[in-house]
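Across the two complexes that follow, chain A remains constant while its partner is chain B and subsequently chain C.
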Partner chain A sequence: MTEPLLKVENLVVEFPGRRRLVDWLGGRPRPVARVIDGVDLTIDRHETLGLVGESGSGKTTLGRAILRLVRPSAGRVLFEGRDIARADAEGLRGLRRRLQMVFQNPHSSLNPRFTVSAAIAEVLRFHRIVPEGDIGAETARLLSLVGLGSEMAGRYPRSLSGGQRQRVGLARALAVRPSMLVLDEPVAALDVSIQAQVLNLLNDLRGELGLTMLFIAHEMSVVRHMSRRIAVMYLGRIVETGTTDEIFGNARHPYTQGLLGAVPRLEPVKRRRQAMLQGDVPSPYAIPAGCRFHTRCPRAEDICRRVAPPRVRVSATHEAECHFAGSPSVVPA
Partner chain B sequence: MSVAAASPAGRAAAELARWPGALKIGAAMLALIVLAGLAAPWLTPYDPLTQDLVNALQPPSARHPFGTDNFGRDVLTRVLYGIRIDLPMGFFMTYVPLIYGIVLGALAGYFGGWFDAVLMRILDVTVAFPFLVLIIVIVAILGPGVHNIYIAVFLTAWTMYARLARAEMLVERGKDYVLAARTLGFGPWRIVFRHVLPNIANSSIVFSMTDFVLTILLVSGLSFLGLGIAPPEPEWGTMVAEGRDFIFDAWWICTLPGLAIVVTGSALSLVGDGLAQRLGERRHALL
Partner chain C sequence: MAPLLAIEDLVVEFRTRGGRIVALNHVFLTVQAGETLGIVGESGSGKSVLCRTILRLLPTPPAEIKGGRVMFDGEDLLDAPEARLRQLRGTALAMISQNPATALNPVWPIGDQITEGLRVHGRIGRREARKRAVELLRRVGIPSPELRVDEYPHQWSGGMVQRAVIAMALAGGPKLILADEPTTALDVTIQDQILALLLDLQAASGMALVLVSHDMAVVAETSDRVAVMYAGRIVELADTRTIFREPRHPYTVGLMQSIPRIEGGAGRLRPIPGQPPSLADLGPGCPFQPRCAVASPDCATTPVAPVEIAPGHWSACLHPERVGALL
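Presenting the complex of A and B:
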């Protein structure tokens, strides 16, 4: 077994909060938001891992920490065996050529002042991907790779649709010929009809270019379409991982079950009231003691309020952080 | 996407058609004022400095449309030549600080840290004084004169732009296109100057029109107070100050140069309002 392409070990990301005068006078420490609270994750070469969770679960921050857009407070992010969190400028530059990101909001992820071709050409020139004379041809090749005609080259982002912009963002990320992409909710802001097109494009590119992907989403159905393995994130921790079949057929964590209950169904008759998630994700400034999910868990017992649950191994590929993960599904599906 | 009008002239016409009325009127007024300043020697037969005491204090007439002052100089001539003093001073005192103000503010906003902290404290101190009082104090210390007004304005006028640019940078910094640029490995200087600055310059440019008016008023005001441009130079504020003594006998000496200030200020304000509309609507289309 070769080593995984990306390995995240016990990653912690904290953001300092605002310290109020009362706190300071009372000698209380500056509040800290633990947005990522000890995450372990591995992604093999050519694999796509789906990362799901509600907004506020820390999944976007995790993606950004992997690219070192935010600095981790502790832990390691190993990409091809090298620690990203401690890479120097030179190492980081090399890393930027192999690990790229596609952003969620197609309306703000492109600079409004750059035409499509200028935005792509800048990347090619900066990283010297192709000789100066080939930049035009390479730009056209990248555009066709993401399914855009060369007539788009001279356009500004404001005259592109959301789906087209997302394709341009993808072409820019692919311009450096990366081996891995982090996709931060790449279709969440698009119309449903466009979502499918972009997802299919990503699927095709993955096969064609042999890409490894971390696919972040808040909808279970989108992740199911994209990945063979899924990690479920809640309040800064991965609470369950497993293959797509295991997660959809045999979810052990009540949170995952709640997310599955939130998958929209077409048939109104079969739409049962499952263990739907109530309330909001608690503040990362005050993570609940014991199991972090107990405040919303339909199955919470006394132990959940006191003891953080262990990581229970359900199968070789399936793990869940719940005191009751050993016993079968909480709510019959 | 406007695919039509590919020729430069066609594109200029298309752009002009989208200008709001205020911008058209303001730009036309401003263009006329600039032209009048440039063509002053050909527009009037008189010299702005040569005295003609025989014809002193003449009311407006066909020969002297704005009348003459107490030294017999043609007031219209002096107002026209005044454009050559007031407009360039206002321009440089506005746009030189604008450039480094935006750059400093943008860098402070992007990098944060000690540079930001130091810059913001300097800014707070500067802003704590009323602008005119601060300028007067600096000019009083350095002594009157054009050079010292420049120094005083260069020391203080950048603060508004720095503040504007910093605030906008704080917003832009978190946007996805900046994150994308960082992800692609672009350095901070490239990101600040090439990617973000063009996107945050709009509000400063709109504000600069107001500032331009205020700067002309400042130059005139300082000259009026005797701290700026000394007589006999045909500076508008100086002329108002000189004419003050004759305001009951010869109202035109101070009123008409004052009117020149008002007209110029109105032109710049109209341009500012028009630009705000035009750039605002474009920005709207961008987002």
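Presenting the complex of A and C:
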């Protein structure tokens, strides 16, 4: 068994909230949001792991913590065996040559005053990827790699479509020749017909370049299409992981089941069902006691309100944090 | 029976620095009482402009209504005076917009906003209005509404605010609700709740619903009929089953094939090549022709208009018989 490329151990990220006057008078401490609350995760080399969850689940923060764009409060992030959480500036620079992030919003992640080629050349220069004289040729190679013609090189972001901008973002990430990409909702801002183009491109590049990917998205169908293995996140914890077939065919966590049940189907059949999951995701400032999902869970029992569920092993590749994960189909899907 | 809403040959242009663009190009539609009509299309297809034109909320200029009629319950909204429009918007005609966060005034209690229309039109007093607000919030599934009616939008989650916006739309007892991407800003579990709520309310009250969405699956699950928009035109219109089982416009097929299925399978996605067109430089022919797999040379030059190819099934394609081969 080879070492996984990325290993996250008991990661915790906290954001301090505002201490109000009443807190201060009442002697209460500054409130703290536990956005990541003890996450364990591994990704093997050349694997794509899909990470799904609703807004507020912590999936974006987890992606950012892996690149140390936010500093974890506790835990370890081992990339190629080295702890990112404790890396110094030199170590981080080396790390970001191996591990890159692609952001959701291609409008805000590109500098509006840089042409496409200047945006890519900047990365090549900063990380000294190729000698100065080769930057032009390398930029052209990267553009063609992401399916952009050379006529795009002199254009500014404002004259590009969303899909083209996302390709430029991808070219920038690939410029350092990383072994792994963290993709945070890479197609969420794109029109439907353009999403498919970018998803196909990502699939092709993964094969050609042997990339490892953490693919973060809220859309179950997109994650299913892109991933071999899936992790489902709820309120700062990974509540279920399994192969794509296990998650879609045999989900054991009621949250995963509810998430799957909520996705509208592309079938012309008028819905009669009621929504499976009621209510909203609770605040990370006040995570419910016991099982954090019990406030929305259709089958919560007394134990769920008192005791945090263990991680139940369903198969060698399938785990769920639910008291009842051992018994299949707790809720009709 | 006459339809509740009938849009005939509607043309809307925008004046921009780059010249005139045609945002709505001879759009036609009908909505029957009690019916749900889904409108799908990508950004720039004109679906939001259409909703705003119906409600006469489009700023003119830069927009200009060049022609057509919008008949609502026997009355042409394009001819109606502003006072009449204002009255209609608070009563028979209501809109739910995409972004619940901007739909409410942040410094005003939610309950007051929900019944503002009723009070402005002088139909009820303050105490009665508060009672109505509580009732409406209960109808849209807000727990303990009598305790929450005086709260402010920032105290509520996005899903709850969208419920409040729906309550506001219901306040005047509408015959038609225009819902412009009502669930796009929401998480999928909250979308599920809101769609269930809208369909329940519709079944209970018999109102008609126009549901605008970029998501084919949302429309598939909710609509009786579907209109597909592209580049400011209706390119296909039929009952929901026909749109999904026997589409006769290549763009409709492209939209369905480019989406990954929740059921899995399919392998490689089949995207629509190229980009949506810029409305500023459309040729004389079919706007979809540069991206179309079954286009012939005449598609670029021959103007197309929707044709009724089967009863109730309209397609704006010169070669609808070729579309079956794409499926």
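Things worth noting here:
Heads up, the rule we're going with is that the second predicted complex is superposed on the first by the 326 of 333 C-alpha atoms of A that agree within 3 Å, B and C clash if a C-alpha of one lies under 4 Å from a C-alpha of the other, contacts with A are read in each partner's own complex, and residues count from 1 in each chain.
Note that a residue touches a chain if its C-beta (ideal position, glycine included) is under 8 Å from a C-beta of that chain, and two chains touch if they have at least 3 such contacts.
If you're wondering where the values come from, they're calculated on a predicted model, not measured in any experiment.
On the superposed chain A, the positions of chain B and chain C stay apart, so the two partners fit side by side.
For chain A, the partner touching the most residues, choosing from chain B and chain C, is C.
In the superposed pair of complexes, A:Ser161 makes contact with chain C only, with no contact to chain B. Of the two partner chains, chain B is the only one that A:Arg64 touches; chain C does not reach it.
Touch criterion met: A:Ser55 reaches chain C, while chain B stays clear of it. When the two complexes are overlaid on their common chain A, residue A:Ile84 makes contact with neither chain B nor chain C. In the superposed model, A:Leu145 lies in contact with neither chain B nor chain C. Look at A:Leu124: by the touch rule set out above, it reaches neither chain B nor chain C.
With chain A used as the common frame, chain B approaches chain C to a shortest CA-CA distance of 10 Å.
Looking at chain A, you'll find no residue that touches chain B in one structure and chain C in the other. Listing the residues of chain A that touch chain C in their complex gives 54-55, 161, 163, 191-197, 199-200, 203, 218-222, 224-225, 244, 248, 258-271, 273-278, 280-281.
Against chain A, in their complex, chain B makes its touches with residues 1, 175-177, 179-186, 190, 195, 198-199, 285-287. Taken together, the chain A residues at the contact with chain B in this complex read 64, 67, 69, 92-93, 96-97, 100-101, 103-105, 107-113, 123, 126-127, 155-159, 169, 172-173, 176. On the chain C side of its complex with chain A, the touching residues are 42-43, 157, 159-160, 187-193, 195-196, 199, 214-218, 220-222, 224, 240-241, 243-245, 254-256, 258-264, 266, 268-273, 275-276.
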